[in-house]
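Two complexes, one shared chain (subunit A), two partners (subunit B, subunit C).
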Partner chain A sequence: MDKIKPRQSKRALETSYEAAQILRAYWSDIHSAKEMGKPIAWASGVVPTELLYAFDILPAYPENYGAVCASKDLALPLCQMAMSKGFSTDLCSYALINFGDIFWEGPGKPEMPFGGLPAPPDLLITTRIPCLVQIKWWEVIRERYNCPMIVLDAPMTDGQATKEQIDYVADQLKQVIVQLQDFTHSRFNEARFLKALTLSDQAGACWHEITDLRGAVPCPVGSREMCGNVFPLVAQLGTQIPVDFYRKLRAELERKVAAKTGAIPVERFRLMFDNIPLWYNLELLSYVEQFGAIFVFETYLRYVWGGRINMSDPYRGYAEKLMSDVWLNMSLEQRIKTLIRDVRKYKIDGVVFHSNRSCKRFSLGQYELKEALEQELGIPSLIIEADHSNPGGYSESQTKLRIDAFLELLEERRRC
Partner chain B sequence: MLVAGVDAGSNTVKIVLIEGGSILANWISKTGPNSMKAVEKGLETILSEHGRALHDVHSIVATGYGRNYIPFATYQATEILCQAKAIRKLIPEAKTIIDIGGQDSKVIYADQNGRVVEFAMNDKCAAGTGRFIETLANALHTPLEDMGALSLKAEGEVQVSSTCTVFAESEVISYIAQGLPKPDIISGVHHAIASRVSAMARRREICKDVCLTGGVAKNVGVVWWMEKELGLSLRVPKEPQITAAIGAALIGLEKASPGSHDVPFADARAPEITSFARGREKPKG
Partner chain C sequence: MESEEDIKMEGQFRELIVRQREMADEWKSAGGKVVGHFCNYVPEEILHAGGVLSIRILGSHGHIARADAHVQTYVCKLIRSSLDMGLVGELDYLDGVIIPYTCDGMRLLFDLWTKNVKQGFVHLLDLPLIVKGDIGRNRFEGAVIQLKKSLEDYLGKSISEEALSISIRVYNENRALLRELYNLRRNVGGMISNIESLEAVLSSLTSPKELHSDLLRRTILERSKSTAHDEAAPGAPMVRLHVSGSLVTDSRYYQIIEDCGGLVVSDDLCTGTRYYWDDVKEDTHPLKAITNRYLDKLPCPCKSPSEERYQFVLDSLRQDDVQGVIFVLERYCDPHLYDYPFLRKKVESMGIPVLQIDAELGLSGVEQLRTRIQAFIEIVRGG
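Coming up: the complex of A and B.
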């Protein structure tokens, strides 16, 4: 396999540099808010962030912070500390990192990035949508800090959410509102919430358009850079920040697509990445670029974050959004259908499945997906075994061997 | 044109020189702590033995785990591609290749044209690799190269059930303590590795001509059990340890003649040693 040129170190999009500023500002704001006595909620992924902002509660994200710690090479000591406290090595490494942080005892604690999660949390909020681990994890945090906890229950959908499921989750949302009123001792400002939902929908729409713009040939921006651009969507939905950021990103992408400017000099293979990336080794996503391959689509970026809200029926529209279009909440049949559609739509030559030790809910069914791809589209795929945040069982040379061999396989297919 | 294929494996370095469409020489040595130095020494030796120098070599293609650490290599390729390239020439009928190396085992599935369509690897644990046999040979105080022949003398069979090499070692030590015959224990060790690798191979449909490569293919006991597990006769190349290096050298030839996917290779039908494991009676018991 011939190398085309050394991997690019600079970003493909100027706007991407702003993501780091947004991240720093977020952390600075949340620590200032904590100092000023404003309530901070520790929130899990896919919770109604927009409601928190409507109640002037700032969300902090232990999962996202786990990814940050992993990217700073701090995961291992934190996971080991959690295991020394009796937590299983099989537990999600996001949770282990958080437990290592909050239960750390003795000297040698790593300097936590961005000044650490603002502790203690004033409120905990979580849901069953991504996984059940979160509920148990949040219960441990509740025990540690003795603070109130809100759970938004939601069922797994089989394709589209049914009317009953939507009604149920819409009702759950109303119960969360009541609990937030009790917690803040303030009245719910519906106009403010609807404004937050509108902003959320605008950001979600923009994100979908960005995903589609990356479907252009050549692809204007690769996966590694986009993993750095997802933060405002994770943490700030319901505010103006992601709307402004993604509109700017979209505009830059439109210009790149119009000019047919690709992220890599010669685009030979278009790849899809399934599952959460290896936060301690995002370089793996751009590693393929020196061989003329680029990840143009990721199930994690498209089907975990963002999403549209039907604003003509906002509570039910929001309930539907929370349940639908979320990979973790899809049945296997729906995952197969979605994957095949996207492989066609984004002109994918090969798929890399990350069998993620930490996230079995994301990883289950990957062998079936692989088989379906081969049988229905003749598209080859590769399964790599790793963990999203714990580098403990990860082998760089063995993973790269698989990726190299997969790229050779794609090359051979094209030659013959 | 002289080309070199270098397989810098985890355990051994294999070098093959191809000239005029046939193998000029090959070299196998222990990798040691520095794969680059082992390759350098091997290349110097093998070239000087044939009155050549490094500058006479048109291209050097490196494969194996150390492939990216050979600074003088012209190209790099994975063992998966190299094995497929070599077996396509050596045993064209074989569309499934099982390679058991020192650090991992691989199954490569090729299509009618010999191109790789899928591969499976066991690289998470030493069970199913040459390291497994090496560790247990140590526990049995038996030279590695004697393991195959000794297992042919097995009269009974013991089961090595642990999937972990470390625990399998304890299991073997307990069998030694019980006074079980060494050949029976060794046969059990071979059965263990064969059943693991065969299970991996069966994840996908395998063709009737299956080729076994890698250093472990030299072990008749493993070949016997692999054949039994898979229910077919294996095709083992004349020198199964150097096939990846042959494939690497063939890639060098392909690169030298762009557009050609079928470079001439006169040793294409080198005799196989397939029958050496067959004809042996199943161990009694």
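Coming up: the complex of A and C.
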């Protein structure tokens, strides 16, 4: 396949440079807060972050931090330390990285990025919405630090959550509020919470528009850059920061789309990426761009972080948002429907499924998705075997060869 | 010395396991329905009250023929092999399957099953994670009521409170007998072999309960009589062991332990105490009592909080004068694998040695395992 002149390494969007500043400021703030004795919660992904901010509790994300460690090539020594403590190599590598960190013994500990997770946590908050693993992982953290833990449960949904399902989660959210009052010894400030929800909804709306703007032909920004732009949505929903950042990003994208400026010089194939990216090898996402292909949509970016909240019924609206718009919490049937819809909507030519041995909840059902794509739309897909954070056993060259072959296949199909 | 009668008795639980399919066919010939289920959170009493024979699906030890086209290999063998059994038609005799939301794999198995294994009554028992507090309890109760309703719709008849009360008694009796057998094996070493005690539970999971209870009763009676006459077996005393894990379905594990001089006196297994430890209260509204039993039962690591499970394991070790613990850890079984390091540490802090065995349902590498267990038992003896 012919290579197109590689683009310069600079980012497609100026605003993307601000993501790094936001990240640094977040870490600096959380360490200062810890020093000042403010409560820090170690939070799972997709917990009710907005509630934490309403109570002035700063969330730290071991999962996100695992991705950071992986991107800095620190995963292996940390995973190995966890395994030496009896944790199975088959556990989620995010968890293993965290266990390696919190149970590290002896010399040789890598220098942890951003000064490390603020430890010990004052509070733990977790949920089954992404997976049961979160609960099990947090139980281990609790054993380590012996601090209070809040758990939010939710059933998986078939797209729209039912009334009973929403009630179930909304009832728990009210209980979480009581638990947070007890923990902080302060009264719940509903106005502050509703403000946080409004900000979260604004950020979520903006994120959806950004996703749609990326649906333009040519696509104004690829996956690799967008993976670096998701952090405010992961950690800061309920604050002004993601609203401002994503509004600016949206405005820039609007200009790019109006001017039909693509992220790559010639866009020949539009790809979708399913599952969590390979944090130690994000370059894989931009690797395809030299061949005129670009990842324009990712299930991980669109259906894990952010979402709309029905503010006319905020508690139930919040419950619905938490459990409904999350790929990991969708039934297989719903995943198939959503995939088919989005492949059409974003004009996708091919899908790359990352079969991620660290995330069963994301990965199970991918074979069915692949088949449905082929049968219902005639869209080809590729399954690559890897792990989101642990590079052990991953072969970059083999994976690239398979991607090359997949792009050849797309080329051939276009010729036919 | 075992008498001929003992040997005959000993084989009877195994015979029930072997005859499982035949018994299911007989049940169906008599006009009944047969429904499979997973895990020990499905309230079988409701099925029984509806005249349904409930069969616990325990996967298989064989190789996977078709499931690998539907599910990745980094999923536990119970899920992979059970799906495979469904796909190749080995479970065609079932009129349906109930899958509870216990772990993530089970929840997604429901979706894969619905899509790929066409079968009459396929039901998701959508259970909450948290079993303490009113919100979790109400959700759990709702799931149990929903199961009863769906089953009634499928069967085309209602399940009366009276029928439920009878089924509760039948199940309680079976559980009481299993506990009696458990206590006997703890208290009267050698009265019942490792394998037989395992097979007694495994056969209970797939047999008509009345039949199974009858056999349990006779076994307990016979063994109590013969043990009273027996002299202590010659040679070194057996080492008393606890087995911890999820499923043990291959009796060769227990055979090897016994061959090496180990006696399994207690366990916390899905195919053990977690199945039969708790009864349904008989003096309250039956459906409520059933709900409460499954909520309050000895929890599986899929449920939160988990302290009660830890406590049960540690209490078992204290009560039974256990000398060693063998963890049989199913590969890719996240809930157990996350708990393991801490549980192990707690056990070791009691001065009890631990052996970890990685398993995938069926045993592979018999001789290697024998060597490890032999070495472990020697360590325990020496300690």
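To be clear about the criterion, the second predicted complex is superposed on the first by the 414 of 416 C-alpha atoms of A that agree within 3 Å, B and C clash if a C-alpha of one lies under 4 Å from a C-alpha of the other, contacts with A are read in each partner's own complex, and residues count from 1 in each chain.
The rule is simple: a contact is a pair of C-beta atoms (placed from the backbone, for glycine too) under 8 Å apart; a residue touches a chain by one contact, two chains touch by 3 or more.
In this text the structure is predicted, and so the values were computed from the model without any measurement.
Superposition of the two structures on subunit A shows subunit C fitting alongside subunit B with no clash. In the superposition on chain A, A:Glu412 makes contact with subunit B only, while subunit C stays out of contact range. Taking subunit B and subunit C in turn and counting the residues of subunit A each one touches, the greater count comes from C. Legend: residue contacts after superposition of the two complexes on their common chain; A:Gly307 is shown touching neither subunit B nor subunit C. Shared-chain residue A:Lys85: touches subunit C; no touch with subunit B.
Judged by the touch definition given at the top, the superposed model places A:Lys136 against subunit C, while subunit B stays out of reach. Look at A:Pro380: by the touch rule set out above, it reaches subunit B but stays clear of subunit C.
In the superposition on chain A, A:Gly100 makes contact with neither subunit B nor subunit C. The superposition places the C-alpha centres of subunit B and subunit C at an angle of 80 degrees about the C-alpha centre of subunit A, rounded in steps of 10.
In the superposition on chain A, A:Pro218 makes contact with neither subunit B nor subunit C.
No C-alpha atom of subunit B lies closer than 7 Å to any C-alpha atom of subunit C in the overlay. Those residues of subunit A whose C-beta lies close enough to touch subunit C in the complex are 85-88, 90-92, 95, 128, 131-133, 135-137, 139-140, 143, 151, 153, 155-156, 164, 168, 171-172, 175, 331-333, 355, 357, 360-361, 363-368.
Taken together, the subunit B residues at the contact with subunit A in this complex read 65, 75-81, 104, 113, 115-119, 121, 123-124, 261.
Those residues of subunit A lying in contact with subunit B across their complex are 1-2, 380, 385, 393, 395, 397-398, 401-402, 404-405, 408-409, 412-413, 415-416. Within the complex, the subunit C residues that touch subunit A are 69-72, 74-75, 101, 103-105, 107-108, 111-112, 114-116, 126, 128-130, 133, 135-136, 139, 142, 301-302, 304, 306, 329, 331-332, 334-335, 337-342, 344-345.
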